[in-house]
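Heads up, the next two complexes both have chain A, just with different partners, chain B and then chain C.
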Partner chain A sequence: MNEASQRSPEQILRAFLARHVPAALESEEDFFARGYVSSLFALQLVVFVEKQFGITVEPEDLSLDNFRSIGAMERFVARKRGVAP
Partner chain B sequence: MTTLQTVAVIGAGVIGRGVAQDCAEHELDVVLVDRDPAILEAALAEIRQQARLYAMLRKRTHDPVRVLSRIHATTSLESIGAADVVVENVTEHEEIKAAVWDGLARWARTDALLAANTSCIPIASFAARVPRPERVVGLHFMNPVALTTMVEVVRGQATHDETLSAALAFLRRLDKTGIVVADRPGFAINRVLMPTLNEAIWVVHDGVASAVDVDRLFIGCLGHKMGPLATADLIGLDTVLRSLDVLHASSGDPKFAPCPLLVRLVSEGHLGRKSGRGFFFHGAAEEAS
Partner chain C sequence: MSEALDRLRLALREGVAPRVGAYDEQGVLPSEVVRTIAEVGGFGHTLPVAIGGQGLTARELGHAHALVGATCASLRAVLTVHAMTSAAIARWGSSAQRSEWLPSLARGERTAAFALTEPGAGADPSALSTTAVRASSGLVLNGQKSWVTNGQRADVFLVFARLEAEPIAVLLERSAPGLTITPIAPPLGLRAGMHAELRLESCVVPESALIGRPGAGLSWVAQHALDLGRLLVAWGCVGLTGACLRLAQDHARARRSGEGVLFDHALVRQRLARMASGLEGSRLICEEASRLRDEGHPHAIGQTLLAKYHASLAASEASASAVQLLGAAGTASLADAQRHFRDAQIMEIIEGPTPVLESELASHLSIWSEP
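Here is the complex of A and B:
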């Protein structure tokens, strides 16, 4: 969690995605639709976001729409932390 | 087999825990057996996590607590006496599987349906070890089990029509369709898939293309959902290696000889998704430190 306070959520997400997605991503680019990763990768993203940002992804949050782009995940994390993105 | 209420799942590895989860989600009682208590503990933790997370990828949702409440985890094979169906999923190694089947012969009910979940080993070799070999069938479940709607069903020479009907009914109960194939090494899927994965690994080994690019070509040019190297990582590189070894030994055909790069990755402990690294990184924990 120390790391999370030093780097922005966007930087943390980009560093993680760089290991899995073989291309530079635009903020709103849907990496599932682009075929870079299979839908199973979404499960890894949920676990990563929970551990990295110390939030709990509730059943109603389990939608691909919250995880399909860097921007979507940033907004989701901000909402769960109760702060404006 | 008149009613279907209890399923014994032998082996709590990747596929075994998937079968246990899927059965429990379909309101069946599960006895999950593994000789290693640590593996059972990890299996229950993963089942709890998957029962929750899979809601993202399918329409049904399941309460993880309720799913786990249907699974009785035990190290004792003697606990399978109530099972209507036994699904054996232990590691793809003939001697280990043979020892487990000797245990099934002793502890399973004599009218229980016995299913071998094997990638490549002919099921006749298991049927020969139990009383009433006509009730033995092959059920080749794919990973992730609870998200896959089709199963390769293997009919052995001794398998009765009734056994086949019962096996297909069991799959329907899991909302799956079975496709019946004959009992030859590798059956239909792995006879084709394993040499394909092996050749994709050779392509990387020979420097023709990177793992990322091989997979992108299959996804982008051929419309595959997942490339061959990500598929190998999903199956588990150790399982791919053992499957190739079984196919190589049973056929004598050199096309099944495993690529040295595959052998090296497995010997270094890079087994794919289950170990966090194979041809790709899969972990979440190591980045979160």
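Here is the complex of A and C:
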């Protein structure tokens, strides 16, 4: 079993963000608006969700609305995998 | 892999190296050089085999750029911006854009450039002030771009602008009405990089020229390209540093000094040891950045920042040492050492100046600090 099937997407996302964001995050807290992350972080999130969840981020998915909070990324990953969040 | 690299090595040795000093002095990379490298697939290294590219891994691509960087840093810069724009089209372009551009870019029949920097927005791209406005004819662009490497020759430019407040990336063809391209006089280093300034005066592109959606221009399209650019500049620095070490070592072993040769002096040996240490550190950090990139690992981005940072500093130091060790011969017109020294100065500035990289690196410390 791989890591992704043992832990929920939320737990995986929280663990990743904990290494990059210097504060505990509410599920809908916008860590870009809070200024917690550098300009390269949006790209890093794309690389991370593709690798971790086996999805492909398409050009039309490139919106901060899909990446700005843990909740937004959970919903995005669920939609890409075709499952309910 | 080895075949593509062997072909490249031969093309560089026979078609570039013999006149590299003249390209630098005159500030021109002749079109024969572009054709020579295109014939061995150099413009398609990053692109998939299916569309006529070489499909190299990041590791192979790195080794290719080290070979080019050891011979001609200006050519390396041209190949880097071409690869950056090609990669942005391959990753974030529409299928129509990919089939329109990638096959000819892969063969080097057309070449690309990357137009982000502006007179008022260099290391901080968010200061971008080129504007785009929607009109019935498409997007109307106004603004100015500076230091566009390969701008004197490129058939297509990846241009960054703001549509209302949102950053966008668009493909702008050389023939677009309203686009004026002015060559920039050869600068301190990368003199044959064919740099140009672009003036966009009510320059119209169709909406279909957008790469990615509005809002994605900087965070994703530019950063994806710059991430690749940093890796390729870093590997180019590995090549340049290696070339400096070979020059310095050969000279130190051959040059008579007192009863022996320069190589016998402790201070000379110390310099050579520092050059070797800088070179090997750069090479290993670059190898790791390439490995992480080939794996799709999220640490690849931070490791690549470190690679560019370390390798450009090592290249700066090694090229200065080479000039000093070679003495007057290293400073002569057309001498390789002085060209490497000037080129290395530019390596520290492009794709993120050293102080900007230091600040960015501090956001990635967990990659190296975690036990």
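Observations, loosely collected:
Basically, the second predicted complex is superposed on the first by the 83 of 85 C-alpha atoms of A that agree within 3 Å, B and C clash if a C-alpha of one lies under 4 Å from a C-alpha of the other, contacts with A are read in each partner's own complex, and residues count from 1 in each chain.
FYI, contacts are C-beta pairs under 8 Å (C-beta built on N, C-alpha and C of every residue); 3 or more make two chains touch, one makes a residue touch a chain.
Remember, it's a predicted structure, so these values are computed and weren't measured experimentally.
Touch criterion met: A:Arg19 reaches chain B and chain C at once. In the overlay built on the shared chain, the residue A:Gly35 is in contact with chain B alone; chain C does not reach it. In the superposition on chain A, the residues of chain A touched by chain B in one structure and by chain C in the other are 16, 19-20, 38-40, 42-44, 46-48, 51, 59, 62-64. Those residues of chain A whose C-beta lies close enough to touch chain C in the complex are 16, 19-20, 37-44, 46-48, 50-51, 59-60, 62-64. Chain contact summary for the complex, chain A toward chain B: residues 3, 15-16, 19-20, 22, 35-36, 38-40, 42-44, 46-48, 51-52, 59, 62-64, 67. On the chain B side of its complex with chain A, the touching residues are 49-50, 52-57, 61, 144, 212-213, 216, 219-220, 225-226, 230, 234, 280-282, 284-285, 287-289.
For chain C in complex with chain A, the residues that touch the partner chain are 92-94, 125-126, 211-213, 215-216, 218-221, 223-224, 227, 295-298, 300-302, 305, 360, 363, 366, 370.
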